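Let me begin by presenting the structure, written as structure tokens, before commenting on it.
Going in written order, the chains are labelled A, B and C, and every chain counts its residues from 1.
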Amino acid sequence: MKKYTGLDDITDLQELIAQARELKNNPYAYEQLGKRKRLVMLFFNSSLRTRLSTEKAASNLGMDVTVMNFNSDAWKLEFEDGTVMDADTSEHIKEAAQVISQYADIIAVRAFPTLTDKAKDESEYVISSFVKYASVPIVNMESATAHPLQALADAITITELAKKKKPKVVLSWAPHPKALPHAVANSFIGMMQKMDVDFTITHPKGYELDKAVVKDSVVEYDQDAALKDADFVYVKNWSNYENYGKVLATTDSHTSWTITDEKLGEARFMHCLPVRRNVIVTDSVLDGKNSVVIEQANNRTYSAQVILKSILENLN
Amino acid sequence: MKKYTGLDDITDLQELIAQARELKNNPYAYEQLGKRKRLVMLFFNSSLRTRLSTEKAASNLGMDVTVMNFNSDAWKLEFEDGTVMDADTSEHIKEAAQVISQYADIIAVRAFPTLTDKAKDESEYVISSFVKYASVPIVNMESATAHPLQALADAITITELAKKKKPKVVLSWAPHPKALPHAVANSFIGMMQKMDVDFTITHPKGYELDKAVVKDSVVEYDQDAALKDADFVYVKNWSNYENYGKVLATTDSHTSWTITDEKLGEARFMHCLPVRRNVIVTDSVLDGKNSVVIEQANNRTYSAQVILKSILENLN
Amino acid sequence: MKKYTGLDDITDLQELIAQARELKNNPYAYEQLGKRKRLVMLFFNSSLRTRLSTEKAASNLGMDVTVMNFNSDAWKLEFEDGTVMDADTSEHIKEAAQVISQYADIIAVRAFPTLTDKAKDESEYVISSFVKYASVPIVNMESATAHPLQALADAITITELAKKKKPKVVLSWAPHPKALPHAVANSFIGMMQKMDVDFTITHPKGYELDKAVVKDSVVEYDQDAALKDADFVYVKNWSNYENYGKVLATTDSHTSWTITDEKLGEARFMHCLPVRRNVIVTDSVLDGKNSVVIEQANNRTYSAQVILKSILENLN
């Protein structure tokens, strides 16, 4: 693997999942592979799981890790070409990406969307600029429109826990007080399209996601109908896509989308976390036997580790 | 040891101090013990000594260390049970503690008190929530009411420097412009109650500490009388406990509590640091031959190291 | 080497450059030297290159590294002697430096100037206080008036790329919207005075640097004349020195100092970065074949590594 910025970088998903599961059983099998190699993790936004799991993954492979909170530790970056930099940006991404490449063997980047400028967000200007200008491989730790490490952890989790050959997986929207990105939903949809699952997306009318992502996946506006006989229910809020970044006025029909034991039935409850209790999902579901959110979080380590391993094997 | 959140977790203090002193002489004797083990240090507040000494201690044991400033790096945590999380907290401690446990072998936490809500502070809701929900051992790097790593370093220091079998140790209040926690004083008192010392507490009337902490330790309101023939004088400010978190109007009698050479006499001067010069103590004392504050700081490493060692030895 | 706070700490520059180039060819040759040694890097200001290159350098030598952003992670420091610390500073540098020395084998410090108080900046009170009170060697990661790690990287770069025995090197001022320190210019001048180069400084009248730094180096106010036949053009803005820390009203003659392809000719373009594109230098120069800024940044690793190596060899 030359980089991991989106699901398109995966050539053989089943092989990748199999290797991740082997790493989970034997995390230190490749601890010589990353020796004298350095992962520089750049955060433009907050992170808990991604930060800790990716650091652990790199460490399991013997890599050294540097974590930088870019906004507070370094200089404000300019991403536009040809700008006269006489205002508040101090360094251009062209230099920053090339310079960091002098000190890193792999660069991982987290950069959330603006949720105000759709075209800018969809250009993925931060991560794509790193890809363009860095001379080392780039890993996406959640960008404006994609969270491929999360999606791979989700694929590992579903593979581990599936009790039938072709489980029914439902992605359900749930309410949230703030405007959230589409990245997790987008990458989960893309991942389900690569897997042998019976996949349905459900959300209130008006919360349609990008058609280029949804493609021919089934969209069912009736949540109860969508959840019927589900094996896995992946719950996630996203803000409006058409009316970009907006949270539509919450109506009773929206608050009714909160996942309850009754709605979940015998399905497994999945969520990328952090999750707002009693807004997205009830305490009872989260604390119940069908919640697999902690195992999903655990699989973040092996998702990151298999990606870093694959990139390390292709260095030089 | 299964955790170290308070002095109650110590079963054999003399043995612990002896082991710490052995580690001080031979810091790398156990550097295989922590191999492939990760300490995640979570800071909800500032730290210098605790941060650097605990990281060094873990590193001496061969552990990997991750440091997170939780407030700036991650998500705002909810600690209340049953809340509808539709406001400013993004993640519940139930998930956070379980998730971090997926990436850590030991979790260390620093979380200061509010100093405005006595009941909340005394519930030790942050550290006790980590103990309740995490699946790995918890170490207290100073909580609302206790600083047991500091107290253990202090015990090591007194043991090293005592010139008689049962030294006289005095804990003296000193003035400070801001409201400070009771944690250091509480843990020092608890530690002295476990040691074979002649122990006296002295402070102005009105600055009485929690009776459940002081128990039957001697309280002498006359500072001069208390300091007479002392071998060790541990100086520390704390804010009011009854009138919780308040700094009472400073009077001449309060400013007179500043420790001077004359008051100290031939006793050793101890302080946990940071210390305000010429408020808590004069320059002359701090820079003089009887100050042992730097050795106390040095012993923070071996205090943390013996605790981590003891916990590592009990990990499966 | 006992410390590296300024160029005066260099005894044999040619030997140091030669060793740095050997480390560049064989970065892990001394990875046992720093085993069980810890570098504590203290940042009072932002950093990208210095932070990443110094961490990599220390790691190449087998050292453990702790990075602290002092302002946000720790306590506000007092530097004045004899102060009554009843205001906003919580810890005196005397304690802080001695305490950090308990946990570090080498301490590296970045602390920019105020640019408002010339006497205070020139006293180098931060770095000189660390030198005075710490019990371990101090490395300057850019102080109020000096950036000796950058200057050494620059010396390595010029040595590597020079095509003649005595190349012509020009330091040229360039415009910038904000007030910048003199540190990089000062240390570059000092370094050129130690090297066998034909050196010229050029800047608009009124931007004269400290005479104690410039000494008898050639100053040519006509930029075109200065740049004629140059082999290396080092470009850098600095704020006014006489009218301390001020940016004089920008005039046409100032904006004309921006480095262009025409001005540069066949010379190599050098800059310490971060650089403001189309203010300091045109896109065309920075993206062109004569820019060596990325190689300069790469050499920051070996500049730091040779200094740390030299200090480690002199420990104990």
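Basically, a contact is a pair of C-beta atoms (placed from the backbone, for glycine too) under 8 Å apart; a residue touches a chain by one contact, two chains touch by 3 or more.
Only a predicted model underlies this, so the values are computations on that prediction, with no experimental measurement involved.
Peer 1: If every chain is a node and every touching pair an edge, decide which shape results: line, ring, star, complete or other.
Peer 2: Basically all the chains touch each other, so complete.
Peer 1: Mind checking chain B against chain C and telling me if their interface is mostly the same residue numbers on each side, over half, or mostly different?
Peer 2: The interface of chain B with chain C is built from mostly unshared positions.
Peer 1: Hey, how far is the Cα centre of chain B from the one of chain C, in Å?
Peer 2: Spacing between the chain centres: roughly 39 Å.
Peer 1: Got the chain A residues that touch at least 2 other chains?
Peer 2: Only 72 qualify.
Peer 1: Can you list the residues on chain B that touch chain C in the complex?
Peer 2: 28, 43, 46-49, 51-53, 55-56, 59, 69, 72, 177, 273-279, 283, 286-287, 293-294, 297-298, 300-301
Peer 1: So in the complex, the part of chain C that touches chain B is made up of which residues?
Peer 2: 36, 38, 40, 64, 66, 68, 72-75, 78, 81-87, 90-92, 94-96, 98-100, 102-104
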